[in-house]
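Supplied in structure tokens, the structure appears directly below.
Each chain carries a letter (A, B, C and D) given by its place in the written order, and its residues are counted from 1.
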Amino acid sequence: MQQHKTCVAMLLAGGQGSRLGILTRHVAKPAVPYGGKYRIIDFPLSNCANSGIDTVGVLTQYKPMELNSYIGSGAPWDLDISTGGVFVLPPYSKGEEGEWYKGTANAIYQNLAFIEQFNPKYVLILSGDHIYKCDYAEMLAHHIKHEAALTVAVRQVPWEDASRFGLMNTDEDGRIIEFEEKPKNPKSNNASMGVYVFTWEKLRDYLTSDERDPKSQNDFGKNIIPTMLNAGERLVAWNFNGYWKDVGTIESLWDANMDLLSPTPPINLHDRKWRIYARNVGEPPHFASPKGVIQNSLVTEGCEVYGKVVHSVLSADVKVAEGAVVEDAVIMPHAKIGKNAVIRRAIIAENAEIGEGAVIGEETGDIAVVGSNTIVAPGYVLKAGEQLGE
Amino acid sequence: MQQHKTCVAMLLAGGQGSRLGILTRHVAKPAVPYGGKYRIIDFPLSNCANSGIDTVGVLTQYKPMELNSYIGSGAPWDLDISTGGVFVLPPYSKGEEGEWYKGTANAIYQNLAFIEQFNPKYVLILSGDHIYKCDYAEMLAHHIKHEAALTVAVRQVPWEDASRFGLMNTDEDGRIIEFEEKPKNPKSNNASMGVYVFTWEKLRDYLTSDERDPKSQNDFGKNIIPTMLNAGERLVAWNFNGYWKDVGTIESLWDANMDLLSPTPPINLHDRKWRIYARNVGEPPHFASPKGVIQNSLVTEGCEVYGKVVHSVLSADVKVAEGAVVEDAVIMPHAKIGKNAVIRRAIIAENAEIGEGAVIGEETGDIAVVGSNTIVAPGYVLKAGEQLGE
Amino acid sequence: MKQNIVGLIYTGERVDELQELTRYRNTAALPMVGRYRLIDFTLANMIHSGIKNIGIIMQKNYHSLMDHLGSGREWNLHGKRSGLTILPPFMSRENVGVYDGLLDALHNNMNFMRRSVERNIVVTDSNVLYQVDFRDMMNHHLDNKADITLLYTKDRNVRRNARGRYLQVEKDQVTKLEIDPTIPHFENTYVGAFIIRRELLIDLVDRAVASGQHHSSREMIAQMVSERIYRIGAFECPGRVWMIDSVESYYQCNMDFLNDKLRAQAFRDDKPVWTKLRDEMPARYMGDSLVTNTLVADGCLIEGTVENSILFRGVVVKPGAVIRNSIIMQDAVISRNAEVENCILDKQTTLREDVRLIAPRSYPLVVPKNLTI
Amino acid sequence: MKQNIVGLIYTGERVDELQELTRYRNTAALPMVGRYRLIDFTLANMIHSGIKNIGIIMQKNYHSLMDHLGSGREWNLHGKRSGLTILPPFMSRENVGVYDGLLDALHNNMNFMRRSVERNIVVTDSNVLYQVDFRDMMNHHLDNKADITLLYTKDRNVRRNARGRYLQVEKDQVTKLEIDPTIPHFENTYVGAFIIRRELLIDLVDRAVASGQHHSSREMIAQMVSERIYRIGAFECPGRVWMIDSVESYYQCNMDFLNDKLRAQAFRDDKPVWTKLRDEMPARYMGDSLVTNTLVADGCLIEGTVENSILFRGVVVKPGAVIRNSIIMQDAVISRNAEVENCILDKQTTLREDVRLIAPRSYPLVVPKNLTI
């Protein structure tokens, strides 16, 4: 059967995300929990589903198992269809030997045959590192309207931060005339989001020639975009104005969770026209006990709160025992907080168990982290900014 | 959520199957078409579904893309469930560097964490190289009844062939007392089928210690089974009496197809209590034209036969033009046989196009093969035993 | 990508002329062309027009249709965000109901129309077989600035005396409408599909019901034409159209698929027609089989002679048996030396050895399902 | 692994005492415990007993139940080889029917029973909530060499005067049966579930219908007991049993789930209760919320005070609002300073600002769905 997809998405989910410390020791970054019932990868996958993109390749090579299990058949995102769907794509052996993904561009290059089978007109490149809601269909329409070879999603960052980003300098029509990677003296504040729409033939051609260049680092930002600019291809910028958060560090992951607790959260997860889908674990409603206290928090199904929870995010199946205090904290799925334990400005990862009277984190200072499956002894004290884990 | 699976299956689908020549140049062996509408992997997957095993890991490192696309969400085999299902498991990066699968045992070892998450009692090890119908539930019941650490499926082979196999010498109770790999003077004719049921703890322990042995080849037959025997573990044999065909060579693949054309085929694919499932391509019924002739053949939906087809297997969407003759041949999906072409004792792979008047194969001699996507020029002659392909 | 059309299929047509074929199934569930049901072609039209949200209004006899559609998985219509919605007849403490025509059906399924988010809706009957891209029709509708656009055909094959709806079309606009004329005066036959803004349809149905026109949509459209308030567009259906409204037209439609060209029109590589799967093995030709000009589905076992026929999945033709100009449905068995000509054998029928069942070409005989003769 | 029991759930109970709660839905579709429907607990019992082939006999008002079950995907019952089979009321040219009790329903769904391949069948009602492993019951049935085994409970909570079926059980055998006694004489209440060999059930139904006992299965079982031809086993249901047959029992059952122990019995880590998903975000506690002894589902937004209550998905509690001892269903809105006590608010109800709706504990008030007060 001959297939014709308008657009296939390729999601770069490969990074270990080492700046997340012990949180990514056992899982890839896109599988890190966020916001009570989501994982980071739910955002690009749900965006795809809501944008009408039904074929997604997920490129991964680090700890793919948890991601593989989480994605499963793709049903939670309506991506379990016979004419497309979601595929986890690790590097594979070609004849005698295989090779790992060398860079972002190389990861796509190694999967050109995957894309080819869907015979698409356009390819959407995504990364699995950000929390945002985005209608890729609008971006694609922009790309088509401007007959671009490549459209780069950009967002305006404060001028003082601009030098930390890859910047797209555009002319008045939105055409990209220059790309600067972390310049000292930025000429614009249009930061690339690492979200690209390529016309498929262009992508294929430039990836193929880039691969032949032994000096190339096979990276979109460092190699592909500059080469295309030099070749005079039509590159346009597409402005994104919504909430966009890189959750690549402990601090930013914690921040992004706290964002959800403001009276008017900068990202609305209650939007029934743009639901964020997630794999559901089948827990009963959460229980607020007669003596428990819950204030300014997100609490997910399966939780049982006998202690005090203030300004925190509780993921599915978290237990907070009597006398325990959880404040300004992110508690990931299945974690147990023992009696009289105190958790402040901390992230407690999946399945961790905090013993009675333990004190994790402090009222001020850096975020304390307890890694997944870690059992913290009763009375243990973990100071601000410290990490404890297997 | 705590899971408890009785049995998880691990399917070793890694082999390139180089003895299949150009047939496996673009696909892994388990993805090779067979019997008109199946691929080799449909047999172990359907056996799992029919045996009530709903969680299958498919271990692969060579050309996984086609296999990945073919398996998709697992829906054709009822393996698209949220509490299990089918997972394609390639080797993955652990921290800084990754490693390819070194041997069959190492492939399972690298995926111990995958198995662990389902917390099974037993693990079924399968390979993706054989055509057979087998009720693994019976084998599992045998394993449980005999309180074995490992149960090996065996079948009786003719004594004269026995020295080509790994043989399980058993006592009168069916307990394995000796394992001989291709002995010159066989003491039994119980050949191992490479199908194993392990008690999970035993498997985990022996794989872990095998991995620590730098001299081990990390192979079930060469290392794990002898070690377990030496350690005095209870190893039992389970007799399988049905049709079982290794399709590892061009000749045996062709043979296995021809088996289906006998008046009473040795394997019944029309068995409605044990269906072999396959991904369906949505083709209309096949068309036997007013002038076409079809005799003693299997013809799949989507075919159009204007020429003569005798004692052959036609897969989905094969076209046989006027005047063409197809005899003793296997034609794989989407292949086109041009006018007046003659195909005899041949395998024509997927999407191949045979030009007008070309002659492929001969009435006697070895099987001729045309590889996938190959366009054969009009009038071309391919002799017996020759292979033509990209 | 994201679509702006929701589909609604009405399966309530009652066609007594289909005799035993619709005794236990509705017209939409009629087995067609060896492995399909009639509704598969309507679904294919919608799916390949990018429509992902489809409601199916059920009527009497809908067991086989529900069984066929299942979860919608085979059509990739099983999603959470969209997919197939089965709309069974509304039955409450007050209402043990069967719809009284399309208008009544629409009125009782207002919830589905209201809940949908798409701007436009295409409403189709289910007893017509054709190929159309509703996106082309939608574009025509918009370019034509129409309020509603009707699909029509000039195919003379679907004209009937004293039955059907015929349109006078002038400059892409419907100016007159005839319902069930003794002899049709206009060359354009309404194919039973229209496109309209969803909100407008809701409004029209509300008003029509309020004013007591409960019988069918015919009046609604007829009134729209006569009132001249709305601009009623007309879009011509490309290719052949088959109206399945009698045993003869059912038989002829199936037989037409033996024609290479018409088959190629219906089954395009890039627009597969999906249907419920059976996981049958390929068809087997054994012994002295002789099969010509015949469509054969998977799972058949043929040892006899078949010509100018259609064999559905799992049909068994024993040695010496002869089938001519016939439609043999799923799992039927034609025993040794039996002969069948110009017949329609329904599912699981069995013809015993040496039995001859021969009808005139002009009047194909229907054998009801499960019968052994 | 491979199972030898097929499940059949009868959803035809008509319980007028449930008032408005079952006006547009049947008992099986009653919303329970914040995010479930009553049938989810029956399905969980079957799924965790390894039953993979389940038929559901539909009756009047089954729209919401069909919508809930969808393709069966959420229960992993969407496979080809097995899964959920929706059995809508049989309607043909002859029969616009509603079943006249379980026996009639079984008779009209003989096809499902005949097509199944499992050796045994468990048939359950759908208005009882309990936890049982049918494999234990099956083993008991076999060890006991029974022809049919009835599930019963000694839980006094389900005893009713003038209603119900009560069993005299001697040595695991039912020796007497009472139907709707003024005052029950036996301490064992039949829970509405029995296990039997599939072929035997088919035979019994055939014979019962042939002899004109069309009304219900009650007579069939009663007759079996009195005839003393068959060995009628009895298996005691472990744990609590809730019979949902009135507004009061519905209310009490939900409230019982505020008890940690009873909740732990129903929701085990290794036996999740699946239900239709809504993809809601976690519940949000904002402002001066004060919530105690309450079950809260995802999607709620709570800015007011809630105690001893159950909030279904998407409930909004505005600042100053107070909810006590109440069940608030999906998407209900309690506006500022409104107060509700001892009430059951059905889906999408809205309480306007400052409105007070207070009922006595002994007589909880039901507010029908979509109402704004």
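Going forward, contacts are C-beta pairs under 8 Å (C-beta built on N, C-alpha and C of every residue); 3 or more make two chains touch, one makes a residue touch a chain.
A quick note: this is a predicted structure, and the numbers were derived from the prediction, not measured.
Each of B-C and B-D has its own count of C-beta contacts, and the greater count is at B-C. Distance from the centre of subunit A peaks at C, each centre being the average of the chain's Cα atoms.
The centroid of the Cα atoms in subunit C and the matching centroid in subunit D are 39 Å apart.
Note on chain placement: the centre of subunit A and the centre of subunit B lie 38 Å apart, centres being C-alpha means. Computed centre separation for the pair subunit B/subunit D is 46 angstrom, with centres defined by C-alpha atoms.
For subunit C, the set of residues touching two or more other chains reads 73, 78, 80, 272, 277, 279. Chain contacts: subunit B has residues 1, 75, 80-82, 277, 281-282 touching two or more partner chains. Interface residues of subunit D facing subunit B in the complex, by the touch rule stated above, are 1-3, 76, 78-82, 117, 269-270, 272.
Considering their complex, residues 1, 16, 60-65, 68-69, 72-75, 80-82, 85, 87-95, 98, 100, 111, 113-114, 117, 279, 281-282 of subunit A touch subunit B. Contact residues on subunit D toward subunit C in their complex (touch as defined above): 23-24, 60-63, 66, 70-73, 78, 80, 86, 88-93, 96, 98, 277, 279. The touching residues of subunit C, counted against subunit B in their complex, run 33-35, 73, 258, 260, 263, 266-267, 272-275, 277, 279-287, 289, 291-299, 301, 306, 310-311. Interface residues of subunit A, counted against subunit C in their complex, comprise 1-4, 6-7, 49-53, 78, 80-83, 137, 140, 273, 275, 277.
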